[in-house]
Amino acid sequence: MICVCLQDMEVTLIAFGIARDILQERKLNWELVSGSTIGDLKAALHATYPDFDKLRSLRCAVNEEYVSDTHTVQEGDEIVLIPPVSGG
Amino acid sequence: MICVCLQDMEVTLIAFGIARDILQERKLNWELVSGSTIGDLKAALHATYPDFDKLRSLRCAVNEEYVSDTHTVQEGDEIVLIPPVSGG
Amino acid sequence: MTTIQQQIDIRLTASTLQLAAVQTWLGEAGVGGSCVFVGTVRNRTREKAVRYLEFEAYIPMAESEMRKIAEQSCQRWPLQKVAIHHRVGHLEIGDIPVLIAVSAAHRDAAFAACRYCIDTLKESVPIWKKEVFEDGEEWVAAHP
Amino acid sequence: MTTIQQQIDIRLTASTLQLAAVQTWLGEAGVGGSCVFVGTVRNRTREKAVRYLEFEAYIPMAESEMRKIAEQSCQRWPLQKVAIHHRVGHLEIGDIPVLIAVSAAHRDAAFAACRYCIDTLKESVPIWKKEVFEDGEEWVAAHP
């Protein structure tokens, strides 16, 4: 992906399970407009990687806690992409 | 106990748990009028051993199956006295 | 083809009950989930210290009632295996008097059947537990 | 005085899970009954033969979510001990991916809490299971 638009915040995405297969990376730097929410990030991910549309769900975690779509992303956040879990 | 009344049927009682303590025997021969039911036997036992009144329940089994109070006793039956069970 | 006999393991024994033995046995099935209930001899009943317990059983009928419970469970839920093991004789604090293991493709069935087995065992299986205290003894649940 | 930390045993490990280890641990409590749930790797999913499974976890969060589940259980029910153990890495058919053990004075609480733990674990703990077949592989439950 070549990102040519001007952005003012960078976060790190960490992907597990099928999310890692979709990104083809465990870790990926990602640029976002300042003030973006988790919902904004997910929309951008779905636009860039349409395979996310096929998942049953996609949750995100920051600091080892689930965060909702309305959560505001901070510069430098490590955002963990959590596709449907299947432990047990 | 001395049983002087005329009876025409003998069964064997087998007692477990607190029923054995009450009878002070594991096995006891018992005489009954022909055609008696389990209910009749239990009434006779309660009359002879009032400690049975203190139990939460008293069930009987014949041929390794529970039998109801209306079950008719047969000559020679082995009747197992089953006080409240407490396995597990 | 698995028959109901191969699925069911009933034991009434004076030997120590072991979870490890059940693990091996459950592992032989193509199971998804197993629910195991383990009873343990409690160290206190109504504030009196229990020194040890004696379990007495009317053995042939106890085995037959345990088998009935397992068979009823297999009829009522889609199960793969049911084990019902019970100790008799002398038990110390911490020993396992009862061990029930139920395996099924789906955990709903495993939980429901395991619960059914222990509840029904406590109602219908002719086994009696005597608690022995420092100053006496008592048949459990005999009196209201 | 038992604290909540002593009651809870959380493990996310690449080593074999053993029921026997849980038996010893449960035996230390003054328990009445324990309910144990044991997952087992199934040998068939939708008619395709599974060769083996790979479990991946977001380890720090998985441990923290497992601990939350155990703590919530202790708050909601009168429990003595809660163990939640989960495997990661390569698992063969018949291996145990998850083992949950809950002990309580009364079996109602043990059954309810054990059920809550496995249900909640399957919803919220970031662990992912990949089934590997002869002709491919698949992340379980990823797609609708």
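Order of writing sets the labels: A, B, C and D. Residues in every chain begin at 1.
The rule is short, and it goes like this: contacts are C-beta pairs under 8 Å (C-beta built on N, C-alpha and C of every residue); 3 or more make two chains touch, one makes a residue touch a chain.
Here the structure is a predicted model, which is why all the values come from computation and not from measurement.
Here the chain-to-chain distance from chain A to chain C, counted in touching steps, is 2. In terms of the stated touch criterion, the partners common to chain B and chain D are C, listed by label.
Among the other chains, A has the CA centre that is most remote from the centre of chain C.
Chain geometry summary: the mean Cα position of chain A and that of chain B are 75 Å apart. Each chain gets one centre point, the mean of its Cα atoms, and the points for chain C and chain D are 23 Å apart.
Chain D has its Cα centroid 28 Å from the Cα centroid of chain A.
Multi-chain contact residues of chain C, defined as those touching 2 or more other chains: 39, 118. Inter-chain contacts, as defined above, occur between A-D, B-C, C-D. If you check the complex, the residues on chain C that touch chain D are 18-20, 22-23, 26-40, 42-44, 94, 96, 103, 105, 107, 110-111, 114-115, 118. Every residue of chain D that touches chain A in the complex is listed here, in rising order: 39, 55-58, 60-62, 64, 86, 97-98, 118, 121-130, 139-144.
For chain A in complex with chain D, the touching residues are 14, 16-18, 21, 54-56, 61, 64-66, 80, 82-88.
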